[in-house]
C-alpha cells in the first residue's frame, strides 16, 4: 500500500460525462493486478472521504483511470489540470485472478467497464482468448470500445438499440458463444443478472460505498453466501472488490 | 518528560493522540502504513458479548465537512476479540482503550469483565452513545440515572479504569458527565457522533440503509469543543476529546477547551497517516508555542493564567 | 398553481423559500441586490419588547462548512420595529414571518400582541431556541412543558398563526414538537443553531466574546434533515425547514425529509443572491424531476409511494 | 453594490507574507472611494464566509489589493493564478471623506496600510499636502513604501528599529510636523493610540469580523461614543469601516 501524489499528465473527454485521466508516479509500478483500485483524495480539506476508482490500465509508471463525473468528488477530479497532483492511495484490494482457462468472457457495464481493460490486456498477453460484452445506455455513451478490440472480439449492447445489440449485456451472452470463465463489473442489478444467466465459473467486482478503503471501518461489508471458518462477511475494499461469483450476496 | 507525554487513569501515553474507536479496527490495517508504536494509545472497535452483524449497507454517506456512519457495532464478539484480535497488538508498546457496548446492563458487565482481563487492555471505554443501534446504546447515553447505574455496575467488575463515552445528542451533557463521575467513572470520552441523515434526492430515500447515522468529522468540531469546554469546568476526571480533529492545531484547541488527551476518527479515512502526522506536527507546534508539556494547556480557555501565549 | 407555490397557515407563498430570521435584517440591504417580490416570504430579525444591545464583538467565527454567531438578539425593540422597519416592507407582495423572543412568558406575549397587529405580518415565529442569550430563550426551547405553556399564552393574543422555532440542542426534539403542537402551534420552524465554540489557539481564548455561539451552515444540514424526518412523522402541522440550505437540491432534500417550506440563512452571507438563485434553480429542478407541485415531495423519504422518481 | 467574477491579472509577492493582486472587471469602475472594501469569496463551497479586503488602488477597470496570508481564506486567495476569477462583492461601506484641509497625515499599520494608498493618491490629486507614517514590525516586512512616496513625504517606523523610527507609529507623529487632519487604519491598539495622541480632526478605519458584509446580520457592530437619534451603534460594514475619530468606541 502506497500513498503518493501522482502528477496529472492529461485529461481526455470520452463522452459527455466520461473522462480518461493519466497520472504518473513511482507507486504506479506496484499496480500490477487488474480489478484493484486506487483511493483518491480530490481536494485538500474537502471532501472528507476519498473516492475509489479502478485501475484501467498501467504502462510503466503511468496509470490510466476512466471515470464518470457524478457528484462533488469526480467534479473536482475533473478540474485537475496537467501538472497538478492527486493524492493517491493504492493499489488497494484484491483484483481479478488470471484464469488458466482458454476462453474468457468479460462483461462490463457503465463505469464497471474500465477495470476490465487492464484485465483484457493481461489475459491476452497470457494467450487466453478474450471475448468482451460492453453495455451502455445509448450510442453517444460508448467509450473504450476500440481499446478492447485490440485484445479480442467486442460486442456492444445499448439499451435503446442505437448501436449493437439492443438491450442489456445479458442479451448478448448467447451471441458471444462458448467461454470457460466470465469476469464482470458493473451496477449490482447487472451483476445479479450475469450471475443468473451464466452457469460457468466467474468473478464479479462489486461497488460499495467506502469509508477508509483499507479494511478498518467496516463500511463496505458484504454478506457471504455461506459463512466460512466462522466469517459471515467480507470487506469489499480489502477482501474484494473482486469475488468469485456466488461467494457473496450481491 | 517530553512535551507530548500525558498520563491518564490506566493510560500512560507517550503522546496524547490515539485513533478513535471504530475508525481503526484493531490496528492491523494501519500497521501496514506505519509503526503503531508511534501512537499514544489505541482505542479499538466496540466489543459486545455476542457476535454482531451490524447494519445493512450502505453504511456511510458523505456530508459537507463530515460523514455519516451506521456500522451498527458489527464485531465478532468479545471472546473472539480477546482471543484473536488483541494479542496481535501485544507486540506494540501502546496501551489499549477497549470500547464496549451492549443492549442491557448485563451485556456491558459481561463484556467489561472479559475484556478487562486482557493483558494489554489498560482501560475500558463504555460506549453509551452509539446512535446506530436500536436498543441500549443511546438510552444509557441520555438518561443520567441509567448511565450512572451502568457505570457503577461496570466499575465493580472491571480490572482497569473505566471511561464513559458521552453522546452529544442530549440537552444537558454536563449533567450526564456529573452523574457518571459521581458513579465512579475514571474519565470521559467525548463526543460520540451527532445523529444525522442524508437523503438521495434521485431516489427520495435516505442514503444509509439504517436511515439515520452518526455525524463525525470537522463539521462537528465546534460542538465537541463547546461540550468539552462546559463539562471540563464541572468535573475533575480527565476528558479524552474527539470530534473532527484533523490537525495539531485542532489538538491544541481541544486541550485548551479542557481535554487531557484526544482521539482521531474520521481523519484516518482522509489520510491513513493522519495520526502520526498530527503527532509530529504537535511536537513542532508545542515547541514554537514554548510549551514544556501539553497538559499545561488543558482548560486554558477557561482558566485564568498569567500571560497570553504569544 | 405553479410548481413552486405552497400554502402554510398564514403564509400564502409563491415559492417555498424565505430568508431565515436574523440573516436578512428587515430586508433593506438585500433589496439593493434584487427585488424582494422574488421571495416566498421573509422571516425578519427577532423582536423583543425592549431594545436589546446584543453581545460584545466578535460575534461571528468561521468553522468548517459553517459559522458560529452570537449576535445576542440585538434589536431596537418591537415598537420601533413595528413603526420603522415593517412598513418599509409593505411595498412588497411578500408575507412576513415575524420572529419574536423574550426572557419571560410576558415578554413573548407582549411582543406577539404588538407585532401580530402589523398589517403585513402574516405569522409569528416564536424563537424559543436562541442559544446566545443568558435567560429565557433556551429554557423555553428545552422543556416541553414550558414550551407548551408559552405557545398557549402566545396563541391567545396573536392575531396571526404561530410557528414555534425549535432548538436542536435537545435529547428529544419530537417530544418538544408534539408538546407545542398540542398547545396549539400552527407550524414549526426547525432547526435553530447548534451550540458550538471555537478557540483561538494563539490567545487561548474563545473567538467569540460570548464564548459559545450558534452553529449554522452546511455543517449542520444532516442534523436538520434528520430532525425534520423524525418530527414530520409525528406531527401534523407543517414544518419550515432550515439548517445549511445552499442549493435547490438541498431544498428538495428538506422537503423529502418532511418540510413544507424552507428558510435560508447562512447562504445569504456566502452569496447575497442565494435566495433568488435557489428559487430559479428549484423551478428548473422540479421541471426536470417532473414534479407538478413541490408539496408533493413533503415527507417523500418516509411515505411509501408508487414508483421512484427516476 | 455589485457582484462580479473579477479576473486575476497578477499576483506579486511583496514580503514573505504580503501579496499584491490585480483584478480586472467592469464593476471596478464603481470603486471610487478610498477606504471602501470588497468582500471576496475565495472558494466555491468553502470557506463559508467572504473575506473583507480594502481597495488599495484602482486604475480604470483594474483593482489592486494588498493582503497578508493569514489563515485558510487568504491562503486560497493566494493560490489563484492569473486567468482565474474571484467572486467579488463591492465596493462596500463608507470610505474616507476627502478633506478640504491643506495638510493630511495618513497613519497606517500592517494590513491597515493598503487602503491609505488610494486615499493618498486622491488627496494628492486634489492638491492636499500628504504626509504618511507607515508602521511595520521590522525592515523585512516593509511594503508599499515607494508607492506612497509618489504622493508625499513618508516616515517609516519599525518596532525593532531595523529601519526608520524605532517604535510605533505614534512615536513618529511629532516628527511628521504640522497637519490639519489625520486618517488612520490598522490594528485596534494602534487606532486607540493615534486617537489619544492627536487632538486634530481625524478618520479611522476599523477592522471587525464580518458575516454578511452588507449590513444585515449585525455581526460587526460598534458602539457609538454618544447615541445619536436613538441609535447606540453603527455597523462597520455599512456605516463604516471609516468613522470620524471619536464617533465610535474603538
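We call the chains A, B, C and D, going by the order they appear; numbering starts again at 1 in every chain.
Quick note on the criterion: a residue touches a chain if its C-beta (ideal position, glycine included) is under 8 Å from a C-beta of that chain, and two chains touch if they have at least 3 such contacts.
Protein identities per chain, from UniProt: A, D = Dihydroorotate dehydrogenase B (NAD(+)), electron transfer subunit; B, C = Dihydroorotate dehydrogenase.
Predicted, not measured: the structure shown is a model, and the values here were computed from it.
Chemist: Touching chain A and chain C (Dihydroorotate dehydrogenase) alike: which chains?
Modeler: Common neighbours, chain A/chain C (Dihydroorotate dehydrogenase): B, D.
Chemist: By mean C-alpha coordinates, which chain is most distant from chain C (Dihydroorotate dehydrogenase)?
Modeler: Taking each chain's C-alpha mean as its centre, the farthest from chain C (Dihydroorotate dehydrogenase) is A.
Chemist: With chain centres taken as the means of their Cα atoms, state the distance from chain B (Dihydroorotate dehydrogenase) to chain D in Å.
Modeler: Comparing mean C-alpha positions, chain D is 46 Å from chain B (Dihydroorotate dehydrogenase).
Chemist: Give, as an integer number of Å, the spacing between the C-alpha centres of chain D and chain A.
Modeler: 55
Chemist: Express in whole angstrom the distance between the two chain centres, defined as the mean CA positions of chain C (Dihydroorotate dehydrogenase) and chain D.
Modeler: For chain C (Dihydroorotate dehydrogenase) versus chain D, the centre distance works out to 36 Å.
Chemist: Which residues does chain C (Dihydroorotate dehydrogenase) have that touch at least 2 chains other than itself?
Modeler: Residues 63-66, 218.
Chemist: Two-or-more-chain contact residues of chain D, please, as numbers and ranges.
Modeler: 45-46, in rising order.
Chemist: What residues on chain B (Dihydroorotate dehydrogenase) touch chain C (Dihydroorotate dehydrogenase), complex-wise?
Modeler: Residues 63-66, 68, 142, 169-172, 194-199, 201-206, 211-212, 215, 218-223, 225-226, 229, 244, 249, 252-253, 256-257, 297, 300-301, 305, 308-310 of chain B (Dihydroorotate dehydrogenase) touch chain C (Dihydroorotate dehydrogenase) in their complex.
Chemist: Would you tell me which residues of chain A are touching chain B (Dihydroorotate dehydrogenase) in their complex?
Modeler: Contact set of chain A toward chain B (Dihydroorotate dehydrogenase): 1, 3, 41, 45-50, 87, 89, 208-223, 230, 232-233, 238.
Chemist: List the residues on chain D that touch chain A in their complex, please.
Modeler: For this pair, the touching residues of chain D are 45-46, 72.
Chemist: Spell out the part of chain B (Dihydroorotate dehydrogenase) that touches chain A in their complex, as residue ranges.
Modeler: Contact set of chain B (Dihydroorotate dehydrogenase) toward chain A: 22-25, 28-30, 32-33, 45, 53-54, 57-67, 69, 71, 74, 76, 217-218, 246, 266, 268-273.
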